[in-house]
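Read through the structures below before going on.
Okay, so chain A shows up in both of these, paired with chain B first and chain C after.
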Partner chain A sequence: MSLMLNHISFKPSEEYHLNDISLRFDSGKMYTILGRTLSGKTTLLKTIAGLQTPDSGSINFEDTDFLSIPVWKRNVAMVYQQFINYPHLNVRDNVAFPLKQRKMDENLIEKEVQEAMEKVGLIGFESRKIQELSGGQQQRVALARSLAKKAKILLLDEPLVNLDYKLREGLREEFKKLFNVSDESNSILIYASTDPLEAMQLNGDIIVIDEGKILQTGTAKDVFENPATAKVAEITNDPAMNINKCLIQDNSLIMNDSVQIQIPDELKSVPNGKYLVGIRATDIYLDDQGFAFDVEISEISGSETFLHLRNKNLKCVATIEEVKTYNTNEVVKINFDKSKIYLFEESGDLRHSPYQQ
Partner chain B sequence: MPKLYTFLKYFFVVLWACFVIAPFLWAISTSFKDFNSVTGGATYIPWLQFEPTLDGWSVLFKPGSQGGINIIGPYFNSIFVTLTASLISIVLGTLAAYALSRYTFKAGIVKNNDITFFFISQRIMPPVVLSIPFFIFLSSLGLLDSLAGLILVYIVLLMPIAVWIMVDFFNRVPREIDETALIDGCNPFQAFFKVVLPNSVPGMLVAGLFCIIFGWIDFFFAFILTFTKVQLLPVKIVALNSSITPWWSLSAAALVSVAPLIIVAFIVERYLSKGNLSGALK
Partner chain C sequence: MNFKHKYVFLLPGLIVLIGILIFPIIFTVRLSLSGWNSFNPGLDFIGLKNYIRLFTDDPRFWQSFFRLSFLAITTVFLQYIIGFALAHMVWKDIKFKRFFRVLFLIPMMTTPVIMTVIWRTFFHESLGPLNDFLSIFGVQPPWLSSPGLAKVSIIVVEVWQWTSFMFLLMLAGLLSLPKEPFLAAAVDGASPFKKFIYVTFPLMAPISIGAIIIRLIEASKIMDTVFVLTSGGPGTSTETSSFFIFIKGLREFQMGYAATASFTYLIIMIISLTIIVKVLTKVLMRE
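Right, the complex of A and B next:
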């Protein structure tokens, strides 16, 4: 059983929202669609759900033409990033709604609802009104409703993004467990996210999308270690991987006239010429013998500090493993972990990854 | 400091309440006066300052042959016309507003907003502009001087209000609720009736309140489009005016006219302040 998208395109105005998308989703597996805001993630999910009809292409599920089936008969479930529930119904009736709609037997509904509520930890909240719940609880209700349906396709559109940090971490852990449980039911799970860390943690197959186009698909490890293009490298890292123009000439990598490094051995085979160099923020470290950069912005994030640095036309972001306040225009000396350098062709295609054999 | 704030708050609330209630008290007191007590200087307290009489009230209920105006018939006519027209307006207006809010219409340069504006624009014209067309329209249908004719005209007047309020309301209800209903197995009609409509009660109550107010207070069309068979309250009350203005009867009539609106406002307010519906949708 699989869901096949064949050359799906959707272009409501000047720009493509979906551009020739072909994907295969196998049941019992989990997929993470990773892309920035407005990259087409939601449109893709809505197209699979049937809320949006593509201009061209076809969708097949279990050998049926999915596009000819209206939304309400497709048996998919979807959780939105906003907490969407039915405000006029209490928690229990919210979860039971799709089952009642299916005219299921009352006793069976009761059983399924209980099961779903238990999974998401809502036992005891059955008769509460939606408005009386916190955001996290509201999202649990939405999740319970989609689980109770036992839909063959479960679509999750950034379900955690509107929750506060701590809740998000907690619920994500639960999600992973839920997904493992759901695996037995052989449904397809598609999770859209803007957060690379979240995508890595969920550990499903990753589909990188940008401007309505699929850039790369593969396992989390694959996509992280060998991004197909510079764009993918930016999207799959937070902070985005630093991508800068560079020149390779006689074993040195020249980013600008003052930042030049000796290239590591594995890059010696690369012919001279213009490239894009990619360095993760975490692979930049403070070094008294390093290059002088001006601090443009410094932001503290948890136990780390993000430094937005600049050396003439060269900009980069570095993650420093300590909490420290830097002043704007303060000069810091940094260096790059040469063993972690990525090289892309000027077109953006990957030329060298430190993880390549 | 909070004490002072609380004091000021209550002070102004009480002040405002007096400002609102005083005219009513005055009208009540006046309605029990006769010619002499009205013209004989300012008096407010019955028995103490003037001798109360029911004359002002009895005129409202006496038949014409006894010098009264008998508002009971027109009163029920008004209630019937206003409620029927409001109900139909809300039903049609809600359906139209939902379509305008959720679906995209396009005919040449005419789009959703233009259609919405078309509805609202019906209210821009002064009533007098519409009087002749409505008169001809009703007379050709044989509906002049009839309840059905009045209801028809009032629907034209009230539906734009309902559409206007409900479009705004639906625009604020996240589309994702409809979509979730579709995903959960509702066809578009079920999604509307099972999910959208039950959550639209606050909007419909507000729309209903406005329809009832504007229907109830209309004088112009009730005056133009009826003669003798059917009369509405506002028109009937005017019959009170003669060579001497009967302030006592006018006060009584004012109180009877405003009573239904006060009741409706209280009912709607009760529902809205429950808050469970109004706060449910972001």
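Right, the complex of A and C next:
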């Protein structure tokens, strides 16, 4: 059983929201759609759910034409970025809503509802009103509703993004457990996210999307080690991978007139010319012998410090493994981990990855 | 803030309130205990005689009251159904949405008395366009001169005039509903019909109750339509409470007795509307 998307396009105005998307989702597997805001993730999920009709293309599920089936007849469940519930119903009735639509037996509904509520830890809240719950609990209700439905396709559209940090971490762990459970039921799970870290943690197949186009599909490791294009490298890293124009000339990599490095051995075969160089923020380190950069912004994130640096027209972000305050325009000396340098063609295609054999 | 004269600042509002509300009510109560009529004008005191007469010896008042209940409930019910349906129709994105929204509001923007005069002409038995049209089929119903049809005529005019108001309230309510539950309901397997039953209707319950109550209060005061269209006739077959009180007080000048009827009517209305609100809340909001 699989869900096939064939050349799906959706262009409501000048810009494509979905641009010729072809994908294959197999049941029992989990997929993460990774893309920035407005990249078309939600549109894609809505199209699969049936809330939006594409301009062209087809969707097949279990050998049936999915597009000819109206939303309410598709066996799909969806959890949205906003906590969407029925404000006029209590928690229990919210979770039972999709089951009641199917005219299931009352006792069976009760059993399924209890089961779903237990999974998301909502036992004891059955008769509460939705407005009396916190954001995290409201999202749990939405999640329980989608689980209770036991749909063949479960769509999760950035379900954690509107929650506070602590809750997000907690729910993400629970998600992983829940998904393992749903593996048994052979459903397809599609999770949309803007957060590369989240995508890596969820450990499913990753689909990178930008401006309505699929840029790359593959495992988390694949996408991380061999980003197909410079854009993918930016999207799949947080902070985004530093992509800068460079010139390779006589075994040196020239980023601007003062920042020039000797290229490592594995890059020696690369002909001279213009390229894009990609360096992860984590592969930049402080080095007294290194290049002088001005600090533009410094931000502390957990146990790390992000430095936004500038050397003339050259900009980059570095992750420093310590918590330290830097002043604006303070000069720091940094160096690049040469063994972790990516090289892209000017068009953006990957030329060299340090993980390449 | 322990200002001695703070109550002085309440005076302007209080004076207005006393002048237009509290004094008239108290005066009505006092008037209802007097035998003020055109032969004996003045506030004498006759005890509960008027009330005894109203409760034991005046079927006409009670008939007019039950007639009023029937007319009010029927018209408001029809207004609610039609108004909700029209609002639901132009709520979604349809062609000429704005045009229809304005079109459905036109009856409310007209002057009720003038429109009723036009309706009277329209319903006229021998000269009206309606019967002119119906004569094609060989019938000429006596719209305003048969007791049954006269009630129907009043209901038609009332529904036509005030459905717009219901439409306006319901459309405002629909437009203020959150969009999200509808998205969820679609994915959760609710067909458009079920979506209306299980999502739209319950979400609209508080607004529905408000709209129905406003219209019920308004419809209970129905006077101008009856006055212009049938003058309570034929006989007393379309006489409503307010029309009865008007006849007693300002035609026959039985001021004391009219005050008795007014005050009794007021008490009954307060009690019955309270009960109606309770029942509606229970039925529509399932609480």
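Just so we're on the same page, the second predicted complex is superposed on the first by the 357 of 357 C-alpha atoms of A that agree within 3 Å, B and C clash if a C-alpha of one lies under 4 Å from a C-alpha of the other, contacts with A are read in each partner's own complex, and residues count from 1 in each chain.
What we mean here is this: contacts are C-beta pairs under 8 Å (C-beta built on N, C-alpha and C of every residue); 3 or more make two chains touch, one makes a residue touch a chain.
Everything numeric here is computed off the predicted structure, so don't read it as measured data.
Peer 1: Which term applies to chain B and chain C once both are placed on chain A by superposition, clash or fit?
Peer 2: On the shared chain A, the partners clash.
Peer 1: Which partner does A:Arg102 contact after superposing on A: first (chain B), second (chain C), both, neither?
Peer 2: Both partners, chain B and chain C.
Peer 1: Looking at A:Tyr86, would you say it contacts chain B, chain C, both, or neither? Reply first, second, both or neither.
Peer 2: both
Peer 1: Please indicate which partner A:Lys177 is in contact with in the superposed arrangement: first for chain B, second for chain C, both, or neither.
Peer 2: In the superposition, A:Lys177 touches no partner, neither chain B nor chain C.
Peer 1: Go through the superposed model and pick first if A:Arg145 touches only chain B, second if only chain C, both, or neither.
Peer 2: Both chain B and chain C are touched by A:Arg145.
Peer 1: Output check: A:Lys324 vs chain B and chain C. Expected answer is one of first, second, both, neither. What do you get?
Peer 2: It touches nothing on chain B or chain C.
Peer 1: Have a look at where A:Val76 lands relative to chain B and chain C in the superposition and call it first, second, both or neither.
Peer 2: The answer is both, since A:Val76 touches chain B and chain C.
Peer 1: Per the contact definition in the header, classify A:Lys129: touching chain B only (first), chain C only (second), both, or neither.
Peer 2: In the superposed model, A:Lys129 contacts chain B only, not chain C.
Peer 1: Between chain B (first) and chain C (second), which, if any, makes contact with A:Leu51: first, second, both or neither?
Peer 2: Both partners, chain B and chain C.
Peer 1: Which region of chain C runs into chain B, 59-67, 131-139 or 185-193, after the two models are superposed?
Peer 2: Only 185-193 shows clashing C-alpha atoms.
Peer 1: Using the superposition described at the top, list the residues of chain A that contact chain B and also contact chain C.
Peer 2: Looking at chain A, the two contact sets intersect at 49-51, 71-73, 76-78, 80, 82, 84-88, 97-98, 101-102, 142, 145, 149.
Peer 1: Please give the residue numbers of chain C that touch chain A in the complex, ascending.
Peer 2: Interface residues on the chain C side: 178, 180-181, 183-192, 194-195, 198-199, 202-203, 205, 285.
Peer 1: Could you pull out which chain A residues touch chain B in their complex?
Peer 2: Listed in rising order, the residues are 46, 49-51, 70-74, 76-78, 80, 82, 84-88, 97-98, 101-102, 129-131, 142, 145, 149.
Peer 1: Would you tell me which residues of chain B are touching chain A in their complex?
Peer 2: Touching chain A from chain B are residues 174, 176-177, 179-187, 190, 195, 198-199, 276-277, 279-282.
Peer 1: In their complex, what parts of chain A are in touch with chain C?
Peer 2: Within the complex, chain A touches chain C at residues 49-51, 71-73, 76-78, 80, 82, 84-89, 97-98, 100-102, 142, 145, 149.
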